Amino acid sequence: MDFTPKDPNFREKVKDSFRRQRFMELIGAELTSIEAGSCEIRLPYREDLTQQHGFFHAGVIGTIADNTAGYAGYSLMEVNASVLTVEFKLNLLAPGKGEALIAKAQVLKSGRTLTVCRCEVYAVNEGKEKLCAAAQVTLIQLQNTSDT
Amino acid sequence: MDFTPKDPNFREKVKDSFRRQRFMELIGAELTSIEAGSCEIRLPYREDLTQQHGFFHAGVIGTIADNTAGYAGYSLMEVNASVLTVEFKLNLLAPGKGEALIAKAQVLKSGRTLTVCRCEVYAVNEGKEKLCAAAQVTLIQLQNTSDT
Amino acid sequence: MDFTPKDPNFREKVKDSFRRQRFMELIGAELTSIEAGSCEIRLPYREDLTQQHGFFHAGVIGTIADNTAGYAGYSLMEVNASVLTVEFKLNLLAPGKGEALIAKAQVLKSGRTLTVCRCEVYAVNEGKEKLCAAAQVTLIQLQNTSDT
Amino acid sequence: MDFTPKDPNFREKVKDSFRRQRFMELIGAELTSIEAGSCEIRLPYREDLTQQHGFFHAGVIGTIADNTAGYAGYSLMEVNASVLTVEFKLNLLAPGKGEALIAKAQVLKSGRTLTVCRCEVYAVNEGKEKLCAAAQVTLIQLQNTSDT
């Protein structure tokens, strides 16, 4: 789908918001792409991001799925708006096994109040991407609310 | 609901599995209760667990919701079984604002293959618990599979 | 939880809205209870409501789960408001087998814009209720919008 | 994605199962396409399928979303297997307004036990398709279980 952003400055806005998320810093996530209606986050493997089998923890997978969807949606929101996640639903399809995770989200519907996104998370193993999770996420635009 | 655990050693099994989740250690989560069919996890506030407004990140909330549900379900599984999250769905109801989060999960249905749990996450603000998220989670029991 | 309805006339409002849902009439659903923040719908068995095994179709179970949640939420909304389902998530826990289904929904959070409900659906078999599905539902209040 | 069906007879199997769903007959749904890993269902408008505003009822939208996903998944299952919906999650994106609904589902992951599908539902208004709902659905394969 093709979207026209309402805020021409959306890339800076998203990058700045991402930078202020301390939890993204803690886990080492990188915002690798932000376009109007889509977003990509990359998360390199670290031992302290794992569950009991040594794979990426489902909570980590959910975190970057949610965040990617949130910023895909935020990229289309108005200048003086803030974004919150209303709910997200994540299916885990394969173990999060590999040197990195990549989450890719796209806006399905961008409404005045609500935005719905889909997101796929890939585990990168020896350079090869394998689908490891799929999410569907609902966001709300809070008008006249600062993101800071 | 009242459940009879198949593994009399379920408390040790759950505590041991929790201890091996490096991501729980990274975020500072504590397993505060494990009973047959229910589980509670507490997460004290830290600045590096926050989103852009300084509240607990939705990914953190989802992480402990998923984990609490996973161990509530695991408490009822067989001796030689392992647990995986199939999917989870989380509604965020209020900002994760306060000195700690507490997640409480209960098993709704414990089947031979699949288990379904519900979970509530509370934000503790000046000692008062406020509901901040609600989840519904599906788990799968992998028989004859080690948790380690 | 205890809720104070904003519209003292909420019972009539809900019953009237239910009556205008032609699909409820087609499947034979009955609104058996409406209170501030909760709702119950009963659906007697009919052969034309079944899937290939002769049990209640998952779509039928989802329909009354969604509807019960919608009216539980609507009971707390303002006088001149209308309600729409934003999304719903349903876990099927046991076959919909028996002489009737009963869906019971409660409001978890009633906000200015969004409302979140939980719902349980029971299959009634020889008079005994068995949990057959559990849902979590998000609703939106459309202010100054007629329900008719 | 490209899938190889395990049952060469999958089209007949799906059509036969669909035919035995009395609820599909009641609402007038038509199975318009079944391929390995995908399925399409069409539902012409009727006044008795509506909610209080005269649009397709959310329960009807959920019903065909679930059914399309179920048969997309079933098309890839083994000869002597049966399919059940574990859970589904549906976002409603626009009113179900028009002369018909079309639901299109694709398999995301086909596993030995679990299958995950995505589904889009379009409202056809004066011949033009508009996305009105998006679903994510988990299915389970019951081996050595008859569908009849």
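As written, the chains take the letters A, B, C and D, and residue 1 is the first residue of each chain.
In the analysis below, a contact is a pair of C-beta atoms (placed from the backbone, for glycine too) under 8 Å apart; a residue touches a chain by one contact, two chains touch by 3 or more.
From a predicted model like this one, the values you see are computed outputs, not experimental measurements.
Asker: I want to compare two interfaces, B-C and A-B. Which one has more contacting C-beta pairs?
Answerer: Counting C-beta pairs in contact, A-B comes out ahead.
Asker: Farthest chain from chain B, going by mean C-alpha coordinates, please.
Answerer: D
Asker: Find the geometric centre of each of chain A and chain C from their Cα atoms only, then give the gap between the two centres in Å, rounded to an integer.
Answerer: 32
Asker: Just the number, please: Cα centre separation of chain A and chain B in whole Å.
Answerer: Each chain reduced to its C-alpha mean, chain A and chain B end up 22 Å apart.
Asker: Provide the C-alpha centroid distance between chain B and chain C, rounded to the nearest whole angstrom.
Answerer: A distance of 28 Å separates the two centres.
Asker: Can you tell me which residues of chain D touch two or more of the remaining chains?
Answerer: Residues 86-87, 89, 91, 116, 138 of chain D each touch two or more of the other chains.
Asker: Chain D touches which residues of chain C in the complex?
Answerer: 17, 20-23, 25-27, 47-53, 57-60, 62-64, 66-67, 70, 84-92, 147-148
Asker: Which residues of chain D touch chain B once you look at their complex with the stated criterion?
Answerer: Touch residues, chain D against chain B: 86-87, 89, 113-114, 116, 138, 140.
Asker: Which stretch or stretches of chain D touch chain A in the complex?
Answerer: It is residues 89, 91, 93-94, 108-109, 116, 118, 131, 134-136, 138 of chain D that touch chain A.
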